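So, here's a batch of structures to check.
Next come two complexes built around chain A: one with chain B, the other with chain C.
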Partner chain A sequence: MKLEVGYIDIKGIRFGDYNAVEDGILIVNPEPLLEPVLEDPLIKSAHFEIATPGESIRITPVKDVIEPRVKVEGSGGVFPGMISKVNTVGSGKTHVLRGMAVVTAGPIVGFQEGIIDMTGVGADYTPFSKLHNLVLVMEPVDNFKQHEYEAAARLAGLRTAVAIGELARDLVPDETVIYETPTVAETFKEEWKHLPRVGYVMMLQSQGLLHDTYVYGVDAKRTLSTMISATEVMDGAIVSGNCVSACDKNTTYHHQNNPVIHDLLAVHGKKINFVGTIITNENVYLDDKIRSSDWTSKMASYLSLDAAIISQEGFGNPDTDLIMNCTKLEKQGIKTVIITDEYAGQDGKSQSLADADELANAVVTGGNANEVVILPPLDRVIGTLDYVDTVAGGHAGSLRPDGSIEAELQIITGATNEMGFNRMSAR
Partner chain B sequence: MVNFCRLTLGGEQETLHANKYQVVTNNPMVADAFGERCRVVFLEYGSDRDVIETVRDLVHQHHRVLTAPLAGSVKPWETPYRSVMVSTSKGSAIDTTSLELVEFALQIISQSRERLEPTKPSIDRDFQIIDLSLIESALPSVEAIGRV
Partner chain C sequence: MVKEIERTGIPVVHMCTVTPISMTVGANRIVPTIAIPHPLGNPELPLDEEYALRRKLVDKALEALSTEVDDQTIFEV
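Then we have the complex of A and B:
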């Protein structure tokens, strides 16, 4: 598959009385964008706020982060099966509003959502502090059911990102990059024969109504492990429906910009032969774990991989899926590197993962989610601080009287991302 | 001493549950949702450790663990609730995979720092909902198959 991605750099966002991108500035007229959001009977209120890098702003509770994109040429539309028709994406031309994101915020599950600080210590720990954020703040109707409202909030965010992305359709990109993935037959061509055949195993959180990921609109927990093209992922084929664990959940933005995919493509045909991407789920039911990891290893074997990179999402029983995937590949002679994060206690001395095996001997960590940080008080809060004491990583007393927050890194959206989409690690 | 309240829904009702699985839980929302569906061992005042230890007892009696004992990305020190699905039928010997899973879960729980009390009733309810949604997510898988 061949996808031409045109990046349009966004240097700022401001409100106006029309919607457009002019000279790198996104101009937002809220009313027409909010109309479809408010049509959902579960959403009581919604409004936009703008957060610029360096501003004294704290966004919380954050649900998802989404990059606006639009399909300019080729089949399908962004977020296939979820917003656009289900047709295959990943070919043709896509425009991206780079340097910005649509962030959805507001209460869903009281203890789960994260924080994005736009300045100070907290900003260093999240990649999203470097983006111009258009924050869609939503409030549910009273007595809502969390899983129904999660769907409403998820779709509202995606629809908004699609509407913003549409503004980029006729723009001239600042940079164009062509991404191309080979067929299996092409990976056997003579000039790549000396290169190691490397695959990417992308694990998707899929444990329950609020721990879910969608692939072409299908709930990943009802899928068998399968293959997907790297360029399909760039077109939004994988969407986050995950409301857990701010620091190590993969937001939709992470999927759209998956760093493992980008790095593998960058060295494909030079240092390695990037054969393909396998997606596999992380279910609660043990037979599902066994079936999915068996299937992953079968597919890795069909592809005659020499090595694979395995990225995880979440913590706890996904560690079991991670180790199953790792060991089953290793036992077939396929070398693995796993990307995970750690819950090693505040002192870093406890066991990092909830499962382990001596075959998992090449590990990249995204950092220790239990590390304590003190976030300074900031001038403005987008959303509400009502949940800071109770979000994962916070505790009673986390929110101090002066507005500062003492909590673990896991409170920060994207802090210990297990695709390696951040700057923390360890040697 | 932990006060266990074992809700087996009565001997006569239990026989109606010709189901493949049973659920051990300390979550009232799970006990309520699954009470009609299968045998529920409800540890009303039990901790997460009590749930896993009860599951271990069942594993010692040759039952199999069907769902991950530490389900979800909710950390042991955050949530007070755990629910685990266990086979109704017994094997001829201890299932070693099940035993390893529960022992590992107990190890993780014992390493965890003390759980912090939720500050609001609404948060407690959210913990119950998440735990329920995790165990419910196993239903299509367990109900689709002829064996467990």
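Then we have the complex of A and C:
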């Protein structure tokens, strides 16, 4: 598949009385954008706030982060099966509003939503502090059911991102990049014969109970492992619908900009032969874990891979899916590198993963999610601080009287991302 | 917890869904259960069938508890 992605750089967001992108500035007129959001009977109220990098702003509880995109040419529309019709995406031309995101926030859905600080220590840990954020703050009606509120909040965020993305349809991109994925036959061509055949195994959170991911609108826990083109992922074929710990949740933005995919494509045909992407789930039945990892290893074998990179989402029992995927590939002679994060205790001395195997001998870690950070008080809160003590990573007393927060890294959206999205490192 | 209790001389059966983790952490007697959100039951079954399932799991656990083992053992239900 061949996808031309035109990036339009967003340098700021401001409110106005019309919706448009002018000279890199997104102008937002809230009323027409909020209309479809408020049509949902579960959403009592909604409004927008703007957060700019460097501002003294704390956004919480953050549910999802979404990059506005629009399909300009080719079949389908962004977020197929979820917002657009289910038709295949990944070909043609897509415009991206780069440097900004739609962030959904508001009273909590589950107990695992996060914080984005736009300045200070917290900002260093989340990639989203570097974006111009249009925050959609929603409040549900009373007596809602959690899963229905989750769906309503998820769809509201996606609809808003689609409406914003639509503003970029006729713009001239600042940069255009062509991404192309080969057919299996093409991967055997002579000039790539000397390159190692590398695949990407993308594990999707699918534990249920507000821990779900959607592929073309299908709940990933109801799927067998399958293949997807890297360019389909860029067009929003995979959408986050979950409240796993904020630090290692793969938001929709992470999927749209999956760094493993981008890095593999960048060296494809030069250092490696990027054969394809396998998606697999992380379910709560042992049989599912065995079946899905078996299926992953069968597909890796069909593709004659020499090596694979495996990325994860969440932690705990998904560590077993990770280790099964890793060991089953390794036992077929397919070398693996796993990307994960660690829950090694606040002192870093405990076992990092719930499961382990000596075949998992090449590991990239996003960091220790239990590490304690102290976030300074910030001037403005978008959303509410009501849940800081109770979300994963917080504890009774996390929110201190002066407005500072003492919590584990878990609480920061994207802090220990298991696609390797972040740039912080340690020696 | 399994290992600490066993260290005092009391045998333990670890009933859990993800048996590979139980093996990794070193439990000796392991009984596989239904699913992570509902290890000892299945809300999709009618009440009488679920009761029978729960009874079977507990019986298996008691059997495991009274069985001598030389190595880590999974007692399939």
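Assume the second predicted complex is superposed on the first by the 419 of 427 C-alpha atoms of A that agree within 3 Å, B and C clash if a C-alpha of one lies under 4 Å from a C-alpha of the other, contacts with A are read in each partner's own complex, and residues count from 1 in each chain.
One rule holds for everything that comes next: a contact is a pair of C-beta atoms (placed from the backbone, for glycine too) under 8 Å apart; a residue touches a chain by one contact, two chains touch by 3 or more.
Remember, it's a predicted structure, so these values are computed and weren't measured experimentally.
Within the superposed three-chain model, A:Glu406 lies out of touch with both chain B and chain C [touch as defined at top].
In the superposed pair of complexes, A:Gln207 makes contact with chain B and with chain C alike.
In the superposed pair of complexes, A:Leu286 makes contact with chain B and with chain C alike. Within the superposed three-chain model, A:Asp124 lies out of touch with both chain B and chain C [touch as defined at top].
Within the superposed three-chain model, A:Asp294 lies out of touch with both chain B and chain C [touch as defined at top]. Legend: residue contacts after superposition of the two complexes on their common chain; A:Asp355 is shown touching both chain B and chain C.
In the overlay built on the shared chain, the residue A:Glu166 is in contact with neither chain B nor chain C.
Contact with chain C, but none with chain B, is seen for A:Met324 once the two complexes are overlaid on the shared chain. In the superposition on chain A, A:Glu148 contacts neither chain B nor chain C. Common to the chain B and chain C interfaces on chain A are residues 207-209, 284-286, 289, 317, 320, 354-355. Those residues of chain B whose C-beta lies close enough to touch chain A in the complex are 65-75, 78, 85, 97, 101, 104-105, 107-108, 111, 113, 116-120, 122-123, 126-127, 129-130, 133-138, 140-142, 145. Those residues of chain A that touch chain C in the complex are listed here as 207-209, 284-286, 289, 317, 319-320, 323-324, 354-357.
Within the complex formed with chain B, the chain A residues making contact are 109-112, 146-147, 205-211, 221-222, 244-245, 248-249, 283-289, 314-318, 320, 343, 345-346, 350-351, 354-355, 389-390, 392, 395-396, 410. Of all residues in chain C, those touching chain A in their complex are 17-21, 24, 32, 34-37.
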